[in-house]
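Two complexes follow with chain A in common, the first pairing it with chain B and the second with chain C.
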Partner chain A sequence: MADDILETFFQYLLQTKREPANAIIDEWAKERSYREAVFKILEPALVRFGEKWSTEEDVSLAQGYIAAKIAEDIMTKAAMERPMDVEPESKGPVVIGNIEDDYHALGRKLVVIFLRSAGWKVYDLGNDVIAGDLIDKAVQVGAKVVGASAMMYTTAVNVKKLRKEIDSRGLSGRVKLAVGGAVFNLRPELVGEVGGDGTARNALAVPELMERLYDEASKG
Partner chain B sequence: MNGMERVMAAMNGRPANRRAVSLVLSLYGARLTKCPLKLYYTDPAAYARGQSAVYNTFKPDILFAPFALPFEGEAFGSRVRYFEDQPPNLASPAINSADEIGRLCVPDIEDHPKLNFFRESIRLMAKEHGRDVPIAAIVLDPIGLSAMIMGLDGWLNTLLFDGEGVKRMLNLVIPYFADRANALLEEGASFIVIPGAVANPMIVSRSIVETTALPVLREAYALVNGPIVMHSGGAPLAPFIDMFTGLPNVAGFVLNGGDNLVRARDAAGRKALLIGNVDGPTLSKRSPEAIRSECMDVLLNRENDPCFILGTSGADIAYDTPPENIHAFLNAAEEEGGMATF
Partner chain C sequence: MNETEHKVVFIACSIFKSELEEIKKKSALNISVRYVPSMLHMSPEGLNLRLKSLLQEELARSKKVVLLFGDCHPYMHEQESLPGVCRVEGMNCPEILLGHTRYSSMRMEGSFFLMAEWSKRWREVFKEGLGLKGKTAKDFMKDMHDKLVYLDTGLLPVPMRELEEMSDYSGLPYEIMSVSLEPLLAEIRRCMERILKDDIHTSD
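Showing the complex of A and B:
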């Protein structure tokens, strides 16, 4: 039964069918809970979707966008449930933003949704964020990972300023730098060039990256 | 042979004295003339001077009109930001959703200062170089233009969930697109390059491309009075090129960096012009020898393909790219010229 619903839900994700995807979860949650649906349906479906997105060329940004919207819908419903048996946003915090001069917001917005869906506390500083502001926020909230998004090469090089800011404040090793965006997929060597500690091929792979970087930062 | 003759030869599958070369050096003209970018992207004479410097320095086989797509959004009310070392970028869209389409005012092709910048730049470039080298005008298709006006997330949301909103938006932008493309051709552009960054199955789904984008492109491209070259816009194109080959007036494709050239040729057919596919924006990060080697690999791959132009893929070649890197690119074509068998 659960496998059938998981498969149907996964197909709705692929077909960008937001309403039917919500409806099937609403029906499931009537006799269980949205929180259970998150763990038993949403998360496994997103993992499968993420694998497909990373490896196959016919999964589109639009499908990722709708998957994020559906995840957000279900997480919102789960958050409304009382009593909650698990504290939401139990991981993190992390600070993210589009790097200085970059205004391509969609990828960052998807990352925020998928991170929050995976239980991360996220401080999203928006577009065109200068390095100092990202690090100020990370220090203020105790974030061990800072994420910088850039779509094009011309803006990706500004991530170097973030690396410099981390190093000059003596935070190397204790604050890790995640980088992402289309240009890093096209030119993976750019991750090292700008001083990144890691990247993810798409928004759904970011929670796993954050787990790894957070662990590394915790070990110092 | 001059650039015009080489490019025409490639478009028609005829032999040339060497492979034609296309380098996206729209931005680079500002470096050569030491022109501040705010002036470069607002004064047609400054832009045309920059392109003359590009031509005189490198002798590329194609010159590019301003590669400043955000200005098309700005003409509809989007906000644009200027930079010191890169082209202008969209800072915020004119509207955020289909609910606000009623607020949009379609700019006057004849009279809008930002649109006149493109027209006047092309007029000046054509007057100076139009007999020697083709001038490529870069125009957003109606699907991409809508994203530039509404922002990508607002437009995706509309494409996915609001069929009526899609119709209202496209009713505004399709006639505008055709008028604008034809105006640029009248000023002296040789062909229209259209970045298909949104109408691509990697961005919207394949079903949206098939059911929404292709009918729109078919209608819009048929209204253009000249050849169209579809540009990957930074997304893989080779896997989907067969979807676009039958569109009206489409003469060829600029491939994405990383696109498989053999696959692209198989899908595009024997006669379609293909351009590519050395990544342009990161030319600055490689040595001249590495660039030459990469170009030679591309040329070897296409050695018997007369409808191929060696070119950069992606956006503009970066401002800080050393001139010797660009010369290395050109030298590869010169070097191959002697052994070309096509």
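Showing the complex of A and C:
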């Protein structure tokens, strides 16, 4: 039964059918809970979707966007089930933004959704964020990982300023730098060139990257 | 064609065809242009290879090259850094037309830019290329942007029907903004001066 629901839900993800995907979860959660739906349906379906996204080129922008929105819908419903006085368990704070001069928000927005779904407390500073502001926020909230998104080479080189800011404030090793965006997928060597500590091929792979970088930063 | 014009070739995105032809006419620039189809932007690797091949061809003929493109594929930086090559300033076509300050402030306001050639092809780009249809398209566009802004250089009729359809499809209002060709002309002049100056130094 759960396998049938999982398969149907996964097909809805692929077909960008947000309403039917929500409806099937709503129905399932009536006798169980949305939190159980997250673990038993959403997460396994997203893992399959992520594998497809990483290995096949025919996952469209629309599919990625709707998968994120469906995940956000279900996580919101799961959060509503929690008693008001109970704080959600958090994996830790992370700060992210599109680097200076970059306005391509889609990737960042998907990353925010998938990170929050995975239990991270995300501080999203938006588009065109200068290096100093990202690091100020990281210091303020105690984030061990800062994520910078850039779509093009022209803006990717601005990530170097972020690396410099981390190093000049003596935070090297204690604050890790995650980078992402189309240009890093097409030119992986850029990750090291701009001073990044790691990248992920798509938004669904970012929570795993964050866990690795967070562990590395914790070890100093 | 004078000696300077003889030395220079433009490799330009077809999205700028009307603007570049107008500038050539008004500035009496008799320069050869090789236009590359704008739809190649949907395939960065295809664009990279096409430009690589055109640059090799023109540089082998001892030509100086002005690239009229944004940062449209991941290896553009290497191509524009070749001796005898200059790319106009701007990371994409709206920024090339508007200049950095105006472009940035309009992006911060949530503008999504449209130009003549892509306005006619919006269905091909959004529906077929990106797979955005129906409610998904509206949700997506409204999540990312606040308005459509058509950049009108005054050289082609404003495609009103396409703007209306695009507005209906995206759920976003549209504006038509008149744009001067002066920033583009200034960038073309800067590039030509630079590559020809490099040429004088090389000859020395």
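The working rule: the second predicted complex is superposed on the first by the 213 of 220 C-alpha atoms of A that agree within 3 Å, B and C clash if a C-alpha of one lies under 4 Å from a C-alpha of the other, contacts with A are read in each partner's own complex, and residues count from 1 in each chain.
The working rule: a contact is a pair of C-beta atoms (placed from the backbone, for glycine too) under 8 Å apart; a residue touches a chain by one contact, two chains touch by 3 or more.
Bear in mind the structure is a predicted one, so any value in this text is a computation, not a measurement.
After alignment on the shared chain A, the placement of chain B and chain C results in a clash.
In the overlay built on the shared chain, the residue A:Q63 is in contact with chain B and with chain C. In the superposition on chain A, contact is made by A:T154 with both chain B and chain C.
Of the two partner chains placed around the shared chain by superposition, neither chain B nor chain C is touched by A:A23.
Contact with neither chain B nor chain C is seen for A:V141 once the two complexes are overlaid on the shared chain.
Once the two complexes are laid over each other on the shared chain, residue contacts for A:D101 go to chain B and to chain C alike. Once the two complexes are overlaid on the shared chain, A:E193 sits against chain B while remaining clear of chain C. Shared contact residues on chain A (touching chain B in one structure, chain C in the other): 16, 18, 60-63, 65-66, 101, 103, 105-106, 109, 127-128, 152-155, 182-183, 186-187.
Remark: chain A residues 16, 18, 60-63, 65-66, 69, 101, 103, 105-106, 109, 127-128, 152-155, 182-183, 186-187 touch chain C in the complex.
Across the complex, chain A meets chain B through its residues 16, 18, 57-58, 60-63, 65-66, 101, 103-106, 109, 127-128, 152-155, 182-183, 186-187, 190, 193. Against chain A, in their complex, chain C makes its touches with residues 44-45, 71, 74-77, 91, 104, 107-108, 130-133, 135-137, 139-140, 143-144. Those residues of chain B whose C-beta lies close enough to touch chain A in the complex are 81, 83, 85-86, 89-92, 151-153, 156-157, 159-161, 201-206, 208, 234, 236, 239, 257-258, 279, 281-282, 285, 314-315, 318.
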